[in-house]
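After this come two complexes, each holding subunit A, first together with subunit B and then together with subunit C.
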Partner chain A sequence: MQKSIEHTALYHIMNPEHIAMFGASNRFAAMGTNLLSSIKALGFKGDIYPVHPKEVQVMGLKTYASVMDLPVVPDLAFIVLPTNLVPEILEACGKKGIKHAIIVSGGFKEVGGDGIALEKKICDIADKYSMRFVGPNCIGVVNPHHRFNATYFPYQQASGFIGMASQSGSFVTQMFDYLSNFGLGYSAGISVGNEANIDLVDCLEYLGACPNTKVISLYIETIRRGREFIDMARSIVPHKPIVAYYVGGSEAGKKATFSHTGALSGPDKLYDGIFRQSGVIRAQSIEEMFDFCLCLGMCPKPEGNRVIIQTHSGGPGAVAADVCCREGLKLNPISQNTRKKLAPYVPHTGSTNNPIDITYSKNPMDYYVSIPKVLMEDEDSDAVLIYFLMPDHSVQRAMEGFGITGEKAVEQTGVFIDDQSKTVADLLKGFSKPFIGFSFYTRENRFIKNLQDKGVAILPSPVRAAKAMSAMVQYVNLREKITRGGKKAA
Partner chain B sequence: MQKSIEHTALYHIMNPEHIAMFGASNRFAAMGTNLLSSIKALGFKGDIYPVHPKEVQVMGLKTYASVMDLPVVPDLAFIVLPTNLVPEILEACGKKGIKHAIIVSGGFKEVGGDGIALEKKICDIADKYSMRFVGPNCIGVVNPHHRFNATYFPYQQASGFIGMASQSGSFVTQMFDYLSNFGLGYSAGISVGNEANIDLVDCLEYLGACPNTKVISLYIETIRRGREFIDMARSIVPHKPIVAYYVGGSEAGKKATFSHTGALSGPDKLYDGIFRQSGVIRAQSIEEMFDFCLCLGMCPKPEGNRVIIQTHSGGPGAVAADVCCREGLKLNPISQNTRKKLAPYVPHTGSTNNPIDITYSKNPMDYYVSIPKVLMEDEDSDAVLIYFLMPDHSVQRAMEGFGITGEKAVEQTGVFIDDQSKTVADLLKGFSKPFIGFSFYTRENRFIKNLQDKGVAILPSPVRAAKAMSAMVQYVNLREKITRGGKKAA
Partner chain C sequence: MQVKNKSVIGESHHALSEYRSKKLLAEYYIPVTEELLVRHPADAVSAAEKIGYPVAMKACSPELMHKTEAGCIELGITSDDGVLLAYKRIKSSVTVELEGILVQEMVPGIRELIAGLNREPQFGPCVMLGIGGVMTEIINDTVFRVAPFDLVEAMDMMRELRSQAMLSGFRGQLPVDLETVCRCLVALGDIGLEHPEISEIDINPLKVNQDGRVKAVDALVVFSPENRI
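This part shows the complex of A and B:
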C-alpha cells in the first residue's frame, strides 16, 4: 500500500540534486542569502543555480538572469522572494519543467485579504504544471543525511533518526541545538508553512517511507485532511511509531494557532479521538515529544507493561515508581529467582522490592552491569528503568581510595568511565527489552554522553523517563490494535 | 509568632562554629572522610575537631581520642559512624554539653527490627540532654552562606536563595549541579533522614526565619505532624512562598516511599487538602518545583492573572498561550492604547493579538527592550511571558550584514550580547510586574546566562514558563486567603 520513497511528493524536495535558488544575493542580511549560506555550510553535494536579475555571481556561484537560462532542469526551485514576485517565478519554473518547489516567502493566506487570492493563484500554477511545493510561509526543510539544510539555522550535529513535520518552523529549526543536547539529530525536518500544496499527510507518507527515519514527530495546530491523516498514519504505525504534540485544544490555544497559521483547531477530545484512531501517541509538550522519540528510536519495544526500577537513591526511585503507577505501568514484586541472583550485590541496607534500592554499592560495576544483567534476564518483567549517577568527583574520590591522586586520578577517571560506558552499552545490545536510564545529569557528564552516543536511552529526570516508558507501552498497544484491526478487516 | 532564627532548633546545625567530627579518618574511601573533605572544600571558617580512637591527625587536623578531651564545647556533633557506635557517642556528646547533632549513620528505623529500638534509644539520649539532631539516615546539610557543606557532594556554585528540606538526601545534593545549570544555588539544604528528632516542621521554622531564603522547597514522602505543619506553613506563607513536591499519592509511590523511609504516605487528595490549607504550592516534579522556586525567588509577584505573551515565533507563542489557558491564566486582548504604542515595532506580517507575534524584527532592541517596556507599562495586564531566542550565529550574521566579519564578528557579538543583557535587566528593575522568559536555549547561550545572572527569570520551555507563571498567581491567591483568614480570626 505504501509508495516507495522516490514516488512521494517530498522526495525531490528533501533529496534534490539541482536547485534553482531565488532570492539569494550578495547582501548578507537578505533571508535568501542566509538560506543559501545554510545550504552551503552543511556541505550540500548537488548543484546550486542562483537566479538573480542583476548579479553575475552570488556567494561564489555562477548566477543566471532567468530560470530559463539554466543549463539543466533543476529538480527543485527554492523561492525566497517578496510575495508579489512569487507567482510569476513559479510560473517560469513550471515552464522550465521544474516539478518541485519550496516557497519560504510569506504574505499569503496567513495575512488574509489579498494574500488569500495570491495563495490560490500559486496553487493553480502548481496544478497547471503538476508541481508540488512546500509552503508558502515556511522556513524550509532539512535532510542531514543528504547534507541538505535549507533553513535559516545552521545544522551542526550528526544526522539522526527523528523525522519531524511541523506547523511551526521554529519547532524544526530552533530545536537543532535542543536535540543536540541529547545527542539527537533529525533524519528529516519539514516546516510545512501554510500547507497550500504539500501538507502533513504528504509528510507522513514521506517519513513513513524514509529509511533513515525510525520515529516520526509532528507538531500540529490543525489537521486539514482528517480521513487521509488517519489512513496514512494507520499504514505507518505498524512499522514506525508516530508521536504528536497538538496545540489548540484550549480557548487561548485555539485563538493563538488561528492567528499563527489561520488554522481552525478543534477541542482536545476530538484530537484525542483522531490520534487514538490513527495510532498516534500524544505528547504534552515539545520536550515530551522528543523524549518519546528518543526512547522509541533507541530502545527495543516492550512486550508488556511490567517495569522494574533500579536505584541507589530512594527519592528518585520513589518518583519513578509513583509516575509509572500513575501512567498505568505495573511494578510487580521481584520474583524469588531474581532476588536470589541479586543477593550478592545488595547490601543489608538495600531493598529488593520494586524499586530495587541498592542504597550503596562498593563496586560500580555491580550497579551498572551485574544488576542490570540480572534484571534484563528477568522473565517476569518487560522493561527496566534505572537511575544513573556517576559524577566525576565521586569516581575521583574512589580513585584516591586506591592511592591514585592528582592529574593521574583525573585521567584514570576518564579511562574508567569510558570503559564502563562501553561495557554497559555492550551488555544492553544482547537484550530485546527496553532499558531507560534517568538522571539529573546531562551530556556534560561524560558517562551520560558516552552512553547516549552508544545508543543507550537516558532522560534527564525520573518523571520524564517513566512517561517515555509509558509511551513505548502505549505504542505497542496502538500498533497491536491496528494490526489486529487490519487482519480482522482482511 | 515566629521565632528569631537563632532560637530555632536548626540554627547551630546550619551555622556551627565548632564541630566535633566522628567517623572521619585518613582512609579516603570512608564516608566520614569524604564528608570532612566536603566541609573543608567549601572553605568552612569555624573549627573542626576530629574525634578518632587511633589517629593523631586526620586530614591535617589535630585529632582527639574522645569528645571529652576537646578544648571547647562544640555547638555541633557530626556523626558518621557504624550504627552500633552511635548511641554511646551521642551519650558522650550529651555529657560534654553538645546540644546539636547531625547523624548521617543509617541502620535505624528504616531497616526495621533492632533498628527501631536503636532509634528509640538515640531519641531518649537526645531528650535526656536536651539535644536536637538531624537524621539518622540522612546525608547532611548545606549552608553555602556559612561556607558549610556537610554532604557527600561538592558544592561549587554561588550561594542562592532556595531553602530546601527533603525526605530524600538525593534531592538535596544531587541537585547541586542541576541548579547550577539555571544559575541557582541553595540558601540552605537539609536532608532530614528518618526525622527522629528534627522534622519538616522544624525545617520550615528555620527556613521561614532564614534571611537568605527567599523561597522554600520541600520534597515530601509523608508529613508526620499534620497540624503543626499546617500552622507553621500558614505563618510563613504571608511573607515567603513554599513549594512542595509530594510523592506517594499512587499505589506504587506509596510502596516505594514506605520502603525508602518507612513513611506512611496518604492519597493525593488528602495531601492536596493539606497543601491548600497550608498555602503550599504543589509541584508535579522536582524540575517543576525548582522552576517555581526560580520565578518566585526572582520575580515581583503578580497582582492578578492577566498575562501578555510576546513572541516572534508562532509555535512557541501558541504553546505558551495554550498552557496559560489550561492553567487558568487570562490572555485578554491588547488594549487600543498599548496597540498604538506597539505599532512602530510590529511589521505587517506580525500580530498584536495576544500572543503578540512580531514575526520578524529588524532591530533586536525593539524585541527585547522597546516592546517589553510597552508591555510592562500596560495597565490591563499583570504579567509578561516572552520568548527568548538569540543564537550567537544569528547575531554574527547580522554583524556580517554590517561588514563586520571573522574574529571581529565573534568579539563584537559578545560585546553586543553583553550590552543588550544589561539593558534588558536594567529595564526590568524599574517594574514591579513579573516577567518570565522562555527559551529552548540554556545557559550555554551567552544571552540567557547573562540575563539569569542579572536576576531575569528564564525557563527552558514555554510549557514550563507558563506553569511557573501560574504558580506565582497561585501563591498570591493562597497568601491572600491566609492573610484574610488570619484577620478574620483576629
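This part shows the complex of A and C:
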C-alpha cells in the first residue's frame, strides 16, 4: 500500500520544478495574477512559464502564447482560467506531455447542469493523457518546505509538520494565520475542490509518505471512495496519526435506514464507526483538530492513560482533572516514592494528591524544573499535564525586589525567561513521556512563545490540554488495534 | 399472554420470512432459536413438545415485515391447549398467505442486542450493533463498521457501545459470550459481501440468556428492489 513519495499522484503537484501558469496576466485583479504573485512571494525556486495569448511578459517572466512553445515539458500545469477554456487548455497540456495539473477554476460539477458534462470532459482528457489533477473548484495547494504556495493567501508562517487535506479551501488558507498563533505551520496543505481526479485517498497516500508531515489533518464533508479510504488510513496510522473533523452527512447516510432502527442509524454514528475502523481520531471542531495535531506532532506517545497534573492554582488544576476523568484518563494517587522525592519542593500549604497543587514555590525553578523532572521520572504514570504561568511583569517585579531596576530589569527579565524556558525544554527532551502545558497566556507571553518554539506542547486552556492528551491515548489505542488486527481490515 | 404487533407490507417477496431468514443466518454460523415451521395444528403441538415448553408461535410469511397487526405473535405458551388456541388465533389474525406457523423456543434473559446489515453507497455493506429491547430508540446506543472487518475490529465495536457494561455479568446474568457476538458481526459483513442481492438484514433481538449465550430470536432479510422476486 505504501508507495515512495515520488510515486504518489501528488508528488509533482506538491513539489514542482517547472510550472506552466495559465491565467496570470498584467491585469492585477485577475485571480491567476494573484496566484502567480503568491508563488513568487514565497520564493519558489523552480521555473515558472506564464502562458497567455497576448502578453509578452508577466511579472518579469517571459510569457508564451501557447503551451506548445515552452522550451521544456513542465511537470505541473497551474490552470486559473474561465471555465469554458479549461478543457482545451488541459488537452493542450496533455499533448505537450504535462502529467500533472491544479485546476482552480470553478463552474463544474458543483454548479450542476452543463458543469457536470464539462467535468466529465476534463476527466476524460486527463485519462487520455494519463494526467492527474487537483480540483477543479479548489483554492490550490501549499508546500512551505518547497517554498511553493499556489493559493491566493500569502504564506508568511514557518514551515511546519501538519499535512492538511481539506474539502474546504478556507480551512487550508485561512488557517495559515491561526496556526502561527501556536508557532505551527503546514508541511503540506491541499484544497481538494471537487475531487474529480485526485481525492482524499490520494492525499492520504501523499501525506502518509511525506517526510515533513508528522501528523495528518483532514476536513471532511463526504468520503467518496469509502473502502479505499479505510484501507489507506489503516496503512498509515501505525506510523503516523490522522485527525479528522467531519461535518454533515453523506448523501447515502441520509438514506440509510435500518428497518427496525431507522432513527438510530444517522450518518454521524456511521462515520464515528468508519473513523474508528480507519484508526482516525475524530475531532469535534477545527480548533480541536489542530490542538490534537499540535500535541501528536510535538509529544512522544503515551504508553497508557495514567496522568499526573501539576498546578499551583486550584481552579485550572481542578478543571484539567475533571476533563481528564470525563475523557477516560486515570488520575491515580501519587506513589510513595514520588511523594518522597517531591517533599523538598512542596510547601506545607501544598498537596501531593493528584492534581499536585504546589500553591506557591519556594524557588521559581522548583515548579518548572525540579518537580516536572520528578513527575516525568515517575514510573506509575504515563503522561504529565502542567499549568504554566510566568507573566513577564511578575518576573520583573521579582527583579526589582532584588534591587534591579529600570531598563536593566526589563533586560534581565528577558534573559531570565529565556534561560528558564530553555532549561524546561531541555529537561523535557530527555523523556519519552508526553508532557502538555496549559496556560491562559498566549504567545504574546515570552515564556509561552519560547517554550512553543523549543518544541514544548502548550495549549490555551486546561480543557483543551486534557482533551488533546486523551486524543493521544486514543491514537495509541487505535494504532495498537490496527497493528494487532492487520493493516487491511479484512 | 403478550401480543406483539406486526405490519403487513403489500409488496410481495421483497424479503425472506423469519424462518428462511434464520436459515440463511445459520449457514453463516449465527446462532438462531430452535424452531419448526408447521402447517397443521397437530404438527404445532408435536413441534412444541419436541422443542419443549414454553414456546413462542408466530405467523411466518415473507410479506409479514416487522410491527403491527395484533395477534400474529404469541409468546410464552406452556401447554398443548395453548398451542392449539394460539394456532387458531394467529391464523385468523392475518390475511396474507402464510408459509406456515413458526413454533419456536423461548429464550429467557433480560438483555437484548440488535445487529444488522445495511448498504451505504460509498462504503458498501455496513454492519450495525446496538442495545436492543423496548427502549432501543430511547437508549440510542449503536455502532457501525464497514465490511469486511476482523474479530479485533468486532471486539472494538463492543467497546464502543456506551452501555458496554451490560455485556459483563450483572444481577445474576453471566458475561456475554463476546466471541460469538464478534463472529455474528463478522458473518453479517460476509453475507453482505457475498450476497449483493441482499440490501438489509435485521436481527432484533439478538437475545442474551442468563448464562451469556446469544441467539437470534427474530430476523429479517430484505432484498434490494432490483432483486425482488
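One rule holds for everything that comes next: the second predicted complex is superposed on the first by the 467 of 490 C-alpha atoms of A that agree within 3 Å, B and C clash if a C-alpha of one lies under 4 Å from a C-alpha of the other, contacts with A are read in each partner's own complex, and residues count from 1 in each chain.
Note that contacts are C-beta pairs under 8 Å (C-beta built on N, C-alpha and C of every residue); 3 or more make two chains touch, one makes a residue touch a chain.
Bear in mind that the values here come from a model prediction, so they are computed numbers and not experimental data.
Asker: For A:223, is the partner it touches subunit B (first), subunit C (second), both, or none of the two (neither)?
Answerer: Only subunit C; A:223 stays clear of subunit B.
Asker: Return first, second, both or neither, reflecting whether A:34 touches subunit B, subunit C, both chains, or no partner chain.
Answerer: first
Asker: In the superposed arrangement, does subunit B or subunit C reach more residues of subunit A?
Answerer: B
Asker: Just subunit B (first), just subunit C (second), both, or neither: which does A:276 touch?
Answerer: second
Asker: Using the touch definition from the top, say if A:395 reaches subunit B (first), subunit C (second), both or neither.
Answerer: neither
Asker: A:154 in the overlay: touching subunit B, subunit C, both, or neither? Say first, second, both or neither.
Answerer: first
Asker: Check whether A:484 is in contact with subunit B, with subunit C, with both or with neither, and answer first, second, both or neither.
Answerer: second
Asker: Let me check the overlay on chain A: which residues of subunit A are in contact with subunit B and also with subunit C?
Answerer: Touching subunit B in the first complex and subunit C in the second, residues 250-253, 256-257, 259-261 of subunit A appear in both lists.
Asker: Which residues of subunit C touch subunit A in their complex?
Answerer: Against subunit A, the touching part of subunit C is residues 65-66, 114, 116, 118, 120-124, 126, 128, 130, 136-137, 140, 142-146, 148-150, 152-153, 156-157, 160, 200, 202, 204, 220, 222.
Asker: Which bits of subunit A are touching subunit C when the two form their complex?
Answerer: Those residues of subunit A that touch subunit C are 222-227, 230, 250-253, 256-261, 263-265, 269-270, 272-274, 276-277, 481, 484-486, 489-490.
Asker: Which positions of subunit B touch subunit A when the two form their complex?
Answerer: It is residues 27-29, 34, 37, 106-107, 110-111, 152-154, 166-171, 174-175, 177-178, 181, 219, 221, 247-253, 255-257, 259-261, 284-287, 309, 313-319, 321-326, 331, 348-349, 351, 353, 355, 357, 359, 389, 391, 393-394, 397-398, 400-401, 440-442, 461, 463 of subunit B that touch subunit A.
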